[in-house]
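In the two complexes that follow, chain A is the common piece, with chain B as its partner first and chain C second.
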Partner chain A sequence: MKHHFIDRYSGLNSLIHRQNTKLKLLIAIGFIVFVISLPRIDIQDFVLFQIFLLVLILLSKVPVMHFVKNYLVLLPFILLAGLSTLLSVPRTAYRPILNGTGLHSFLALLARSTLSVETIILLVSTTRFDDILKALRDFRVPSLLVSILSFIYRYIFLIVDEFLRTRIAAVTRSNGRFGPRTWAQMASNILLRSIERGEMIYISMKARGFHGEVKTLREEVFGAKEWFIMAAFAATIWLLWKI
Partner chain B sequence: MENLIEVTDLVVEYDDRRVLDAISFGVKANEMVGLIGPNGAGKTTLLMALRKLIKFDGSISYNGISEADIGIVFQNPDIQLFMPTVFDDVAFGPMNQGLNASEVQRRVEEALARVGLSGFERRQPHHLSEGEKKKVAIATVLSMKPSVYLLDEPTTGLDPLSRFEIGKIICDIKGTVIVASHDLDLVAGLVDRVIVLNGGKIVADGYVDEILADKELLVRNRLLPPDDIKSLCRSSR
Partner chain C sequence: MHIPDGFLSVPVATSTYAISGAWVGYSIKKVQEKVGEKAVPAMGVLAAFVFAAQMINFPVAGGTSGHLVGGTLLAILFGPMVASVIMTAILIAQALLFADGGITALGANILNMGIVAPLTGYFVYKFIKKWHYGAAVFIASWLSIVVSAMFCAVELALSGTIPLRIALPAMTSIHAIIGIGEGLITYFVVVAIKKMTPSIVEEAGI
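This part shows the complex of A and B:
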């Protein structure tokens, strides 16, 4: 079974795809931190940032629908997180009510989350995941953390594959009775198999000389060009915010 | 000539089940040995024990080599390939051997060329076909240049051409090779010596042509069906 979840479009060739991974990672993180930590974000800021992101998305050649679909997947989580701000309790009230402050902070949260999510999707759609891992290693992110991410990326496909196959096998034999019990058994089955597989993978790593640290070769260099692009990007964001 | 690997009274137990039962044999340097036996005979366990990856009783001694000189290719390539790209996976062993960047690069290119997959460096293992995965799995060990290769079921689940190609790759391996398989045609084409394993014990150990000609031995050890599979039931139903 073939499926692409995270980096379906990361193999395209566009201006954005060709940029240095560390540069893209720094800009993405910087932009998200900036958007989140702005003291206030009004509709004009949001629209300007949104237009700016749209330009980048169009430059990346990644279909806009890809962003929409992925965003819709994440939207329920954002809304759930926003619920608490929407129903914020003023000190004078006894029970949660809808009020102006609550609505405003809810919209602000929605705006910040939307921009952040789009940035993340843009990053992973224009950068190969292994390059991101390499950049994280270069940024001295703890190697254990990077290794865990690397294994999640490598094996999420297999687990989903296994899940889909098990589901088909269960459905074809369930005679229409596919209830929570079957789901639970399927989940435990997959968990057990994952544990077994994990042990075997560890043995296979040890057999190739693994001693606790995953080593890879480094290739990309962060040069003057990258510093320049980063400065230009920061200046543009600053200007958009100041308009 | 003294044996490169000497196994004496090897016993492996999982929980209370004895998977290998007092096995003894030796393998000479540059020998290519076939390890055949039905499912559950203990072939995989024996390979893992030979590399000292699992606990065992008895003794396994190496003559002039260490564990690090023994490469093992597992049956399931999804266990062998755990890195995000083919390059990273083939480079994993050489990197752990402490080789420098240019040497690692050279080893990866060479190993991928030997399995006919040059240019696959940036591919992701989960997007490869089963045959390609098996070849990359072999490359991950070729790149380490070990003295001994332990190959577990290298051709299971492959189409006839991939099976043939893998056979050719194994032929070209320089060094000592132990191939565990129940693909008798492959074994016949590769090795001179065959060890038959069943129920955790060595049932036979000898010259390939003699063992493969002993139909009774093969049937008894579930390596050959009692009747020709082509005469199953067609036209009789």
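This part shows the complex of A and C:
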């Protein structure tokens, strides 16, 4: 079945793919936090940051279209939410953006969310998901949460398949006309099967020595090189903003 | 209802992170005490299930579409704390894999959909259950969507992004419609599960 839309490019090999996971995670989150908390963001800042991200995207060998497609899916929601800023000038504006008119705050909103979305897509399409999970675990995210995340990732493909198969079965039997009742019956069927499957998986994992921790074959070291890259990134972003 | 990055001010983002972190941390501790690691795979598969169900959009009036949030469904079946933990994992996965919902807005999104929704749903369900079971499930899940949309509107207003007099009516009315889909699907799913394996619905405890 087709589900290329999930995590398609993290297996590529590029300069960005080869970097340390924790480093990438820290830089990505750091950059987003920086962009979000800037007191104001001008067109010039946006363009410079955008060029910077574009260089990274090109280095990563992930097709630019992948970013465009993903971004276009999210754009309507961002626009819809942002549109109401355009209609009104918030009196209690937290950040007085440019001269404080609706259009400018709308553009700033758009700029901030665009840069953040691109950063996240870049992070996820250049890093294996289990490496991210391991990094999260090293950052003291509770093991229960990380385990559930690893299960989501492992079983999402199976369950999506099951959903698609069940839907095809329902469509062929009903000529495509089924209401919420059938939908719910399908869903609960899959839910019950999932619970059963979960129990069986637990038994077999237990038999193989599972005790709640994520394990990956690769061991990554966060050394002097990583600290240096991080400092270089921070300096570059700071400079781009100061120009 | 997933708030993207850039829509929340720093104080709102950090305080929602603090609230969500505290509640989810407490829930994780409680869930681990009560059910232990035995529940991990079951919760994981459930999370994957809700994650998949959220990808299926159902049409809402006016050309827009909505999808299941699932907070109330999980809360009715497994209790609000398990629901919070599972919803948190789902929201993190969505923020990472689809960039749906921002990283800095994660605290707010967890608060709205992973804490407020299951808690509202759970207590409304508990309260009306004795009166009429089906109505309880429907109203609980409908209300959970509306209330979390209200929280979302208040967070956006506090951030100075959208004034409350626009955000609150807009968010509430849109989600009052989307909530009908949530209510119907939750109702049918709970009823179908009750028919197939009644034990699951009865033993919801935590």
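Quick note on the criterion: the second predicted complex is superposed on the first by the 202 of 243 C-alpha atoms of A that agree within 3 Å, B and C clash if a C-alpha of one lies under 4 Å from a C-alpha of the other, contacts with A are read in each partner's own complex, and residues count from 1 in each chain.
We take it that contacts are C-beta pairs under 8 Å (C-beta built on N, C-alpha and C of every residue); 3 or more make two chains touch, one makes a residue touch a chain.
Here the structure is a predicted model, which is why all the values come from computation and not from measurement.
> Check the residue A:Leu48 against both partner chains and state whether it touches chain B (first), chain C (second), both, or neither.
A:Leu48 sits against neither chain B nor chain C.
> Could you let me know whether more residues of chain A are touched by chain B or by chain C?
On the superposition, C touches more of the residues of chain A.
> Thinking of the overlay built on chain A, is A:Ile121 touched by chain B (first), by chain C (second), by both, or by neither?
Touch partner of A:Ile121: chain C, not chain B.
> In the overlay, answer first, second, both or neither for which of chain B and chain C A:Ala207 touches.
In the superposed model, A:Ala207 contacts chain B only, not chain C.
> May I ask you to decide whether A:Ser150 touches chain B, chain C, both, or neither, giving the answer as first, second, both or neither?
both
> Once chain A of both complexes is superposed, is A:Trp183 in touch with chain B (first), chain C (second), both, or neither?
In the superposed model, A:Trp183 contacts chain C only, not chain B.
> Touching A:Ser113 in the superposition: chain B (first), chain C (second), both, neither?
In the superposition, A:Ser113 contacts chain C only.
> Taking the superposition on A as described, I'd like to know which of chain B and chain C A:Ile32 touches: first, second, both or neither.
After superposing on A, A:Ile32 lies in contact with chain C but is clear of chain B.
> Quick check on the superposed pair: does A:Thr216 touch chain B, chain C, both, or neither? Answer first, second, both or neither.
first
> Between chain B and chain C, whom does A:Leu191 touch in the aligned arrangement: first, second, both, or neither?
second
> Give me the intersection of chain A's contacts with chain B and its contacts with chain C, in residue numbers.
129, 150-151, 153-155, 158, 197, 201, 205, 211
> Within their complex, state which residues of chain A touch chain B.
Where chain A meets chain B, its residues are 2, 128-130, 133, 150-151, 153-155, 157-158, 197, 200-201, 203-211, 214-217.
> What does chain C use to touch chain A in their complex?
Of all residues in chain C, those touching chain A are 2-11, 13, 24-25, 28, 31-32, 37-38, 40-49, 51-53, 55-56, 58, 85-86, 88-90, 92-93, 95-100, 102-104, 156, 159-163, 166-167, 170, 181, 184-185, 187-189, 191-193, 196-197, 200.
> List the residues on chain A that touch chain C in their complex, please.
Those in contact with chain C are residues 6-7, 28-29, 32-33, 35-37, 70, 73-74, 77-78, 81-82, 84-85, 87-88, 90-95, 105, 108-109, 111-113, 116-117, 120-121, 123-124, 129, 132, 142, 144-145, 147-156, 158-160, 163, 180-181, 183-185, 187-192, 194-195, 197-199, 201-202, 205, 211-212.
> What residues on chain B touch chain A, complex-wise?
Result: residues 48, 51, 53-54, 68, 71-72, 74, 76, 78-85, 88, 91-93, 95-97, 101, 104-105, 122, 124-127, 140-141, 144 of chain B touch chain A.
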